[in-house]
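What follows is a set of structures to go through.
Here chain A shows up in two complexes: once beside chain B, once beside chain C.
What follows is the complex of A and B.
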């Protein structure tokens, strides 16, 4: 009996963790390459969700199947990432405090814009529940879809980073700006590529997240499961700037959360909170993370 | 006596004398005189405003205090806090719970009938309680601050209010949080019993009852103003003291602070606790004297759980981080912009054509103010107040004939020139050549 429960929880945790991994990867990429902690990451995810809503709902612009929504979300995320880098971040890269506050304010600017767009322009009843359908018909199939595409995308990213020229240039820039410049790599271009890829991952994650949780919300970046904070948690847990580390972190947090919710008495209320608690504890006890560079001295 | 080292002779007397010299109006620098004039003008606002407007303006005073609270820790020590509403909420809920769930029932149990004086005492007790709770929260955030750098600390500060928000829901019902808050925390809609106010019209829930709306409004304004003066005095005292210099030094270079034998950790915690106490104090006073005083999440976190925290940052950035005065100017500017935008009932052209529903500029709040903050951050990173001070200095220099053009940029005088100038200034200060 208990064994059965554990098995069920394990399956749930595997699916949840796959989703978390996609959520966190964009964040890791930007930090690993540019050294920027992107506080607007949650907003990128929200924008992806909203783009999917726009093309799949009768209240939106057109009513297409969710596959188009997935594409639109990914594209919107990529575009937004590129625009944020080219239009804003590029100019203030050398002022870390400014970048920090700026990405924070940009993020919340975007999600407020989404709230206004959803409720005042498009007439969505409740901007806290913006309908976005699941990709597959049933929950089980949808979970499998998330799991498979998660690993597919992670595999592609690994191949891209490790075996293509551009990918190797990304690694070079992440190791040393100056060294990369010496061998003729244009760091600006590499950063732009990174932001675009990261944005695409975030947008894709937004569509899946909204589908898996029933609906999107303009506040989804800080509402449980709070992807913005979740990605921080995952990335810090796994070690900053390490893609492998973030995947490990995603699975640790996914499992910890599922098991806390299922087996701790009164655990339902811990949904979304347990990862935060885990993060704070981890920050205090082992700030350097499992892999990668340190978060604190 | 030839020379005294700073630690010889009657140190206390010299220290007092130095303070007195600093406070002589006649010798104050022009910008300080302007500052005092500004505070006096703030005191005269009730003469000009209608009661309704005055209530709105009273809220601006609280915005000022909130921004100052952020500035003390983030502007001075550079430890960016992204969730300062955590402290405001602790203060606001702290005083409400202390008064309504502890002190008033206690007085009831003892069979005391509280007159005006008694109620005021209870309220003051609540404010002290709220401030203490917030200060404890400051310790809670300040301790991780010792181990975490920059962005990671910002992350912890961002999480703190979200966790608090969640715990308000968990401990919403009566009896769910025994001893601390026997009546529960009321969830997202807040505590339904608003705490007693200092001044109000009728009802059991006020210490002093007045019979006219405007008298109450004016009284509430001055109570809030008094709170602002207290906050100003405390923050000025600290930031202009030696501790304030250490705060700034921590922002610039923590290792340098360590290298002169001082412990940055101690000062960081101090900054956090001070900031938290100020924020908590302001929110606590608000609950008893402010407009729309009600301990709920909408007031203390903002409608989107995080707006108030962002607004405070925007205000401090517009005004100028690390100046205290900047927060006041920034809040005025922010409130002005917000009011103007709120009054713009003009439809944005094209929206109706495209989507079939109208969107006025007023509907887009708070986007314009966020945008303003972003623009200030990129184009005016030092803030309005420092830029104005610089411009003023330049204006004076121009009048004396020392500079040729008024608007020409002397952005980057060489390091050598700056160092030389600094030496000259210091020597002049010692010799007493030029009074500044």
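What follows is the complex of A and C.
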């Protein structure tokens, strides 16, 4: 009986963690390469969700299948990442505090734009419940889809970063800007690639997240499971900037949360809390995270 | 002695000798000025490096040696002129300069600390083809057998001397025509200094021109073809090692009388 519950919870945790990993990976990447905490990350996720809504709903622009939504969300995220870097971040990337404030402001701007766009322009009834369908027909299949694509995409990213020339350049920039310049790597180009890839991951995550939870919301970056805070916690747990660490962090939080919700009395209220608790514990006990400073690897 | 007589020519050289294509001048600075805020680091510096030479800039801390290196390799804004193979470095751009064969090995080394020797060297050849990378790697390992023994070791865990070898090795991976070595001997033990010194000949034999900055005047006198003495951002002496050894000022101020 209890064993059965544990098994069920484990399966749930595995699926949830895969989703969390994909939510956090873009945040990790940008920090790993540029040392930048991208506070607009949650908004990138929200934009991905909204782009999917726009192409899959009669209240949106066109009503296409969710696959088109997945593409639109990913593309919108990528474009947004690129524009944010080219338009703003590259001018201030040597000033971490300025970047932090600016990404925060960009994030606010974007989510308010979505709120206004959704309710005032498109006439969505409730901007806290913007309908985005899940990718697969059933919850079970949808979970499998998330799990498989999460591993596939993160696996591809890992391969790209570690085994391609551009990927090696990304790691080089993450370790030494000047060193990278000395060997002829254009750090601006590498940062643009990073922001674009990170944005694509965020957009993709937004579509999956909204689908898995039934709908998206203009405030989804801070509503449970609060992808912005979640990303922060995952990345601190794993070691800032480490891809491997982020995956580990995502699974630790996914499991902690699922088990808290299922086995702690009154645990339903704890859904978003476990990531915060783990965040605080790690900051106090192991501030360098599980994988320490492993750069983008 | 072998100084190009067109050193004072106009910015647009009209003669046949000094055009970018066939000139044997690798690097030429004219009236070079660099300031950091209100501080002037270089004030009208003139330097010429001819292909195939080892030219050394010597001088005390703050004389402007490192500033000159950083300016020549495209990292700093400047007034006046500094040209690599006849082209103004500001218009070429830092990354493109590396591609065109000017490779800078900085005083701080700027290695990829969390990568091993192999990866650092591999990235040194970032702009080169795989064949060039392989060939160059062999050359570097031959030049510095210590690196060969430490292929898997992370750069940050190596000794200062080994890191210096790796920094030079990484620069050589870029297949340089002009190698800028900024204070390669700084803080190194004499035995390591010897290793670095012995590497210079094979490097030059491969047709590499070397710009070497040094606080170690004895080292510079021993290895350079020509030397500039910098003080307060200006070249106050220029000549061959023999000429400078005979200079009273140099003897008294830099060689201990």
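The definition used in the following text is that the second predicted complex is superposed on the first by the 293 of 297 C-alpha atoms of A that agree within 3 Å, B and C clash if a C-alpha of one lies under 4 Å from a C-alpha of the other, contacts with A are read in each partner's own complex, and residues count from 1 in each chain.
Just so we're on the same page, a contact is a pair of C-beta atoms (placed from the backbone, for glycine too) under 8 Å apart; a residue touches a chain by one contact, two chains touch by 3 or more.
Here the structure is a predicted model, which means the values were calculated and not measured.
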Checklist entry - Now for A:179: first (chain B), second (chain C), both, or neither, which partner does it touch? => result second
Checklist entry - Which partner does A:112 contact after superposing on A: first (chain B), second (chain C), both, neither? => result first
Checklist entry - When the two structures are overlaid on chain A, which partner does A:37 contact: first (chain B), second (chain C), both, or neither? => result first
Next on the checklist: I'd like to know which partner A:283 touches here: chain B for first, chain C for second, both or neither.
Outcome noted: first
Item to check | Contacts of A:273 with chain B and chain C, given as first, second, both or neither | outcome: first
Next on the checklist: Once chain A of both complexes is superposed, is A:100 in touch with chain B (first), chain C (second), both, or neither?
Outcome noted: first
Next on the checklist: So in the superposed three-chain picture, is A:165 touching just chain B, just chain C, both, or none of them (first/second/both/neither)?
Outcome noted: second
Checklist entry - Who does A:244 touch here: chain B (first), chain C (second), both, or neither? => result neither
Item to check | Comparing the two partners chain B and chain C, which touches a greater set of residues in chain A | outcome: B
Checklist outcome for this item: Contacts of chain A common to chain B and chain C in the A-superposed view 295
Next on the checklist: Taking the touch rule as given, give the residues of chain A at its contact with chain B in the complex, in rising order.
Outcome noted: 37, 39, 88, 91-92, 95-98, 100-102, 104-106, 108-109, 111-113, 115-116, 120-123, 219, 222, 224, 226, 229, 232, 236, 269, 272-273, 276-277, 279-280, 283-284, 287, 295-297
Checklist entry - Across the complex, what residues on chain B touch chain A? => result 78, 80, 82, 144, 147-152, 154-156, 158-159, 162-163, 166, 169-170, 304-307, 310, 313-314, 317, 351, 355, 357, 359, 363-364, 366-367, 370-371, 373-374, 377-378, 381
Checklist entry - Contact residues on chain A for chain C in the complex? => result 165, 168-169, 171-172, 175-176, 178-186, 293-295
Item to check | Touch list for chain C against partner chain A, complex | outcome: 73, 75, 94-95, 98-99, 103-106, 108, 110-115, 119, 122-127, 170-171, 173-174
